[in-house]
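Encoded as structure tokens, the structure appears first; notes follow it.
Chain IDs A, B, C, D, E, F, G and H follow the sequence of writing; residue 1 opens each chain.
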Amino acid sequence: MADKPIEGEKRVFMTGNEVVAWAALAAKAEIMYGYPITPQNEIMHYWTRMAPKFGREFLQTEDELSAGFTTAGGVLAGRKAFTATAGPGNTLMQEPMSMAEAMRLPVVVVVQQRGGPSTATVIYSQQEVTMTTMGGNGEGLRVVYSTATHQELFDYTIKAFNTAWKYRFPTFVLGDGYQAKMRESLTIYDPEARGVTLLPAEAYLGKPGTPGVDRPPAQYRNTYNVEEELYEVLQGYFKDYEKMAPEIAEFDAFDTEDADLVVISHGVVSRAAKGAVKELRAAGYKVGYFRPITLRPLPVKELRALGGRTKQFLVAESANGQLARLLKEAAYGCPVEMLPMYKPGVGITTEEVVARVKEIAG
Amino acid sequence: MADKPIEGEKRVFMTGNEVVAWAALAAKAEIMYGYPITPQNEIMHYWTRMAPKFGREFLQTEDELSAGFTTAGGVLAGRKAFTATAGPGNTLMQEPMSMAEAMRLPVVVVVQQRGGPSTATVIYSQQEVTMTTMGGNGEGLRVVYSTATHQELFDYTIKAFNTAWKYRFPTFVLGDGYQAKMRESLTIYDPEARGVTLLPAEAYLGKPGTPGVDRPPAQYRNTYNVEEELYEVLQGYFKDYEKMAPEIAEFDAFDTEDADLVVISHGVVSRAAKGAVKELRAAGYKVGYFRPITLRPLPVKELRALGGRTKQFLVAESANGQLARLLKEAAYGCPVEMLPMYKPGVGITTEEVVARVKEIAG
Amino acid sequence: MTVAFKGRTLELEKGFWTVFPGLCKGCGLCIQKCPKKCLAWSDVLGVYGTPSIEPNDECIACGICQNVCPDCAIMVEKKKKAKAG
Amino acid sequence: MTVAFKGRTLELEKGFWTVFPGLCKGCGLCIQKCPKKCLAWSDVLGVYGTPSIEPNDECIACGICQNVCPDCAIMVEKKKKAKAG
Amino acid sequence: MGKTVKVLLAGEGGQGVQSVAQIIAEAANEEGREALYIPNFGVEQRGGVSVAYLQIGDEPIGAPKFLTGDIVIALSDRAVHRTRQYVGPQTLFVYDSSIENIEDALPANAKKILAIPALDVAKKELHPRVFNIIIMGAVVKATEVVSEADAKKAIEKKLGYKFEKNPKLRELNYKAIERGMELVARAM
Amino acid sequence: MGKTVKVLLAGEGGQGVQSVAQIIAEAANEEGREALYIPNFGVEQRGGVSVAYLQIGDEPIGAPKFLTGDIVIALSDRAVHRTRQYVGPQTLFVYDSSIENIEDALPANAKKILAIPALDVAKKELHPRVFNIIIMGAVVKATEVVSEADAKKAIEKKLGYKFEKNPKLRELNYKAIERGMELVARAM
Amino acid sequence: MSVQPAMPKSWRMDTKPHKFCPGCGHGLVLKALGMAIDELGIQDRAVFGCDIGCSLLSWDFFNVDSIQTHHGRTTPVITGLKRANPNLIGIAYMGDGGGYAIGSQHLVNAAARNERITAILVNNTQYGMTGGQMAPTTLPGQKTETTPYGRDPEKTGYPVQGPEMVAAITREGSYVARGTIANLNQLKGYIKKALQNQIEGNGFSFVEVLSACPTNWRTNAEETWNMVEKEMPKFFKVGEIKVPGAGKEGQENG
Amino acid sequence: MSVQPAMPKSWRMDTKPHKFCPGCGHGLVLKALGMAIDELGIQDRAVFGCDIGCSLLSWDFFNVDSIQTHHGRTTPVITGLKRANPNLIGIAYMGDGGGYAIGSQHLVNAAARNERITAILVNNTQYGMTGGQMAPTTLPGQKTETTPYGRDPEKTGYPVQGPEMVAAITREGSYVARGTIANLNQLKGYIKKALQNQIEGNGFSFVEVLSACPTNWRTNAEETWNMVEKEMPKFFKVGEIKVPGAGKEGQENG
């Protein structure tokens, strides 16, 4: 059995789904649980092809509820476990993820967004932002990385495992159908060879020794008897979350200093935004580019600073204002005006962003 | 078999769950589908006791997915169907509701919020606001009424059926465990005797005539082939929704004209807010009271007007800022400052609101 | 909506055999099932631009090809039996 | 954590019979199952303030009551058989 | 009339605090007053303390729960511990005098603390089964939110069908109410 | 070097547009250039038109899709209809000349429209199976994003194992590339 | 009009050719279903529900009122519909993934409650719509996208015996059979009985159909038939498994 | 120390008395399970998963590592755990609602995949935790909160035959039995075999237990026993239904 899936570094050209499978291998993920759904299927396809070669495991479950709960089971057993889903599967995934939030389980979920609501399209959207950041019943105690390139898909899938195990909040890598299916180049690498420490997983259950004899039993619950008991637990979680937030919030920005208008976008749409801002700058427009990489938590400090000095934010997203809602919450009270460029369920091209900015500039 | 469940008007003293059952009967709901979950169980208990007497039906399903999808089936067959759920059941309910959104099915769902995330508590919270207003994958094309008293629980359950069938968006009555379980007085009535027209249900499927011979077949789908096709459909829906929004948005307010601070809350918490504002006014504080009744769509116009003239909003909710997020979106750009009073999963008393306002007033 | 499909009818010894190229997807299931092995690919293209099928005169008009076609692209009509000898 | 329950032991003809009132919830399942019908409600209250149970000397120390108690509130020890005759 | 009266009742599962609260609430409602009663419920029910929140007034009741009760009644050891948080300087705290070794746990900040021998009276004078009706009498007296007559009417409404069969029961229950009221009257 | 070249290929399911796009993208990547290729996919696949979006340049590619292609290639009747929207005043529109009665559907605003007899050449000169390789040649010529040699190398990489067994296949494929390039060269 | 295809009367002509792949078994199952609807004369009160899976492609297949539901959720949608209007004839049409994996709780519980609906489940040994992953019905050794080295029964079990399971949890009144596209007349007969059973109000009716997915199997016509006729029946026994009234069972299992 | 209760060694003393109601069958099932764990000596590698349902009250019941999951989801949690660390002995403990209603897809598919876990399902004929609604196991005529006039099998079917269903979809290697709290030694034996079957790596093991819920049945002790010993067995047959190696079945059902 081969030891390292990736020796050193390697420039490759592949689909995003394949990238995720390689990244999970590189991150030392030990077991994947999953249920088929377009456009994430090929993550499983590549994983099942490669896993046996590196002693990794796979289980195809009966649905996404099971995929989420088996993943939680794998994590409880002390393994680096992950799953991947999309669309209606992501909707179902919110039930197990609510348990992961309640129990602080470091579950990693890769989401490749597709059109919604309902079955809608199997293709593409950014319409799973609200659901992925805020979850089901509860308060959205999770981390969400939104990637824009295959390189990031690789980097952040690896990072997601570290974040999850370090802070013990469920962690999502939020891609989409375009990223899932397109091919472009990137460099894959062995993270340890680059000096990235991969945090080890730790068993919640089944540690050595006889419970009650050698050690207290490990016993976890998600149900509380009275409101105050739950409240106390949640306050602890919020505190941890707030402490973590500035440590992990990430963003990408350029040309914002003197900008009158900053295009804000996330994920694959930010590629169009980046192209457009460059083109517009070249044409003399005072535009800037800002992109949250973590959608949850958002880089609030930077956003507010920006919102304090820029006149307008143009929020470009393949959804009907899901990112914008989060931004308005984060930048509430800032004088910046927010303008919409919402294209739910369809891609946004560089040309369109350019046109929209020119239209605004009048 | 008795004809009218309620003749004329009647003052009663009962739990909120019983109120919902009576209201559904009064609204001419024909069939309830449901799966047990605390704190909504007694809706089913009362319904199953009374339904046979009035020729109504009930089906206990195998889970909430089924409860939601059978309800959709009942609606498709042309019946006034409804369901009720809470907490993790509400999380699951988002899958069928995403189909209802995609197909514009007038499904009515009563939610009695409990603590979250996960199983948490079976008691009380306002932590299902994000999920109930925004749903799963998609854009939250739904109507959500948040009630505060048993009288409203009765009135808005009846109204929910009319809203759903008139506009064909899934419609939620958002209660909570307190409202579910507490007893207080209200007047129940036959809505038609009060001049309220109950919109008739209409069959989507199984209308008279042979399809393809006497009429085209009725065929509904939720899957689209290309992004643009979905986009077109959604644009139509958004248009309908925007047109509807001002027609149905509701709120309750007093003492806001000269207020420096307005307490904003919804649902049962607004009872504490109301009591507190009255008490504070009596004590000379310039405070006001505002309460959105529709959380989706919000009464945006009124909120913004208020946010334009008030210095501070104190957002009191039994959640960690779920209402506040919606308010910040709605009031974005208004100069009003938003102050938090978040007590996720626990009740808020009049005393606490009074104390908090005094603390702010300094 | 009335729809009409253009058939290609062959008169064979035992019957009238029709294929509707606008329905035939060239799957070949019929060819395999013909008891007389008398079906073959045709130059006439089907709906996806793949060859449709046609029988030769071995055909006994048994209708099996019609039966197994998932697209209802074949229609076979047996000729009335001529009076025996 | 070491926990100790306070037992109430009765020495009966056939054995030592102990109830732990701190565990007994007064469900009565044991009473029903006693083959000798020798169990009855006791004045000693159980954990929920309901009566616990006690046997009379009919008890044969068969242990059935111990077996059927969902709370492990009973413990029966048979006395060593005295030499016959 | 006066302001809303806030009552908190707590006891063990079998002590019937919920039915006491419910009957009083219904009696008040029958009188045309505003009442709101909410139990605690949920997983806590199993093996936990049963708590009833009751408010009666002339205006529609505000928040269903409150931080501080006007009257807090605890019927067991655990109930005393569970309810201390609801006691403030205006609170009348009532507990059953049969609870042992509870002195240290009693709220220090109450306006007044009453120990009433309700359990004793029930066991010795009346019948263990009417313990909660004695408590009801105590609440009626302590709060004066409903009249004795209306309290009896409410009992009649609830248990009338039983009283029909056995008129002695009616007497027993009425007696229990009266004794409950007396216990409080005497202790005050 | 120049700006990113945007190519859109569309055809029926069996016509192999996706593999053409993928091979060219990989060839470009091998050359060290930046390439991005994305297919359409999903329910549309079944019985729908197959569309490939291909971009090659020297800078990392931006958005994976685009409104207007530099070169749009349509290989069937339905493909012409499906791809008209991607044509702008700078677009070279290429279609197979075997498509009948398509004149009215051709984009009016293209910079240039080329009809190439790729299907004919495939059927008559080479082999129906290399139709897509002819198209590949056409794309290579029209875009000049990869050299002929690199295109051949890419084919070799992809089908080398088959060529080993049957060297005639290699010849056939090389020929197909060459003919594809010629068809475009002649038509331009 | 010139000679026209011998499509079932209940097929909707203007949506043909249908959207299934060449040689897809769905077309044959829906042909049998169409014939059964025709013969029973229920086109006016049948409601056809299709799942997500390749069955979604049939949402406009019939001149019958139709509803496309979610993956695995056709059973509850049709159950809800039938409960609300018992005059309708509810048909829940689904794949093996939809019925035996994600929707198995609905199948099992609708069967146990004896819902008066007809469920037709197309067993093509994998997930067609998503490109050919393992299904509960995948054969031992069969290569799929998630069992690239062949399904190993040691790791993932043997093909699920769906009708046998349904038979085990239903009582008198239900109809359970397994047909095959290799015997279309028999299949039509089973489906007819399954619908008849609903019309008579007896109870839950279930027909699994051994079907073909040449696209994901990557089979030519010969191999396709071989799979359906030779390989699949080794694991799935064709025939009627439960027929109402065939023999009185006690209502108690004591 | 003075005489102490004869609790199974694996019980966690400091959480006793446990939180179940007086006379609750859960206590007895967990007593049998505790004894089985003791006798097999697996306290150090057993992992106990409890469902939401009254079983949630057992989250700190044993001196065994334990996890309280969601309603119906204990099977997948334990499945995921066992797949990740096959050295552990995974026990999925659930109610009849959790196992046969909301979690039935997990039960059925774990069984079909032959997951090496042990599932114990407590059949108390209704939903205990939520206050006594109908379950798939509710007896005909039984009054529950959602069948206030008694369960009508014409409308909602007969009590689900869970072990029979599991037996129908499992193969050689699985163990399936139905025990009862009325025979604790037999029950302990079944549970032991079910665990032993997992220890040996044979396959899925399933034990349904006829149990009691005096609280929601509103029964006194005598009526409780009557229900468990007389009424329930009329619909649920106690005994072993499938024993590994009891008879070689073919791996093909052709």
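Operating definition for what follows: contacts are C-beta pairs under 8 Å (C-beta built on N, C-alpha and C of every residue); 3 or more make two chains touch, one makes a residue touch a chain.
These figures come from a predicted structure and were not determined experimentally.
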Query raised in the report: Looking at the contacts, which chains touch chain B and chain H alike?
Result: A, E, G
Query raised in the report: Listed by label, which chains are in contact with chain B and with chain F?
Result: A, G
Query - Centroid-based (C-alpha) most distant chain relative to chain B - result: C
Query - Chain centre separation in whole Å, for chain G relative to chain E (CA means) - result: 62
Report summary line: CA centroids of chain A and chain H: separation to the nearest Å works out as 38
Report summary line: So, in whole Å, the Cα centroid of chain G is separated from that of chain H by 32
Query raised in the report: In whole angstrom, how far does the Cα centroid of chain B sit from the Cα centroid of chain D?
Result: 55
Query - For chain A, residues that touch 2 or more chains besides their own - result: 38, 62-63, 88, 95, 99, 118-119, 121, 123, 222-226, 347
Query raised in the report: What residues in chain D touch two or more of the other chains?
Result: 48, 50
Requested in this report: Could you list which residues of chain G touch at least two other chains?
Outcome: 17, 20-21, 52, 56, 68, 70, 101-102, 104-105, 108-109, 129, 136, 156
Query - Complex contacts: residues of chain G adjacent to chain H - result: 100-105, 108-109, 112-114, 136, 140, 153, 156-158, 160-161, 164-165, 167-169, 171, 233-237, 251-254
Report summary line: So, in the complex, the side of chain F touching chain C is made of residues 12-14, 47, 76
Query - Touch list for chain G against partner chain F, complex - result: 17, 19-21, 54, 56-57, 129
Query - Footprint of chain H on chain A - complex, ascending - result: 30-31, 33, 57, 59, 61-63, 65-66, 69-79, 81, 95-96, 99, 203-207, 209-213, 217-223
Query raised in the report: Which residues of chain E touch chain H in their complex?
Result: 43, 46-47
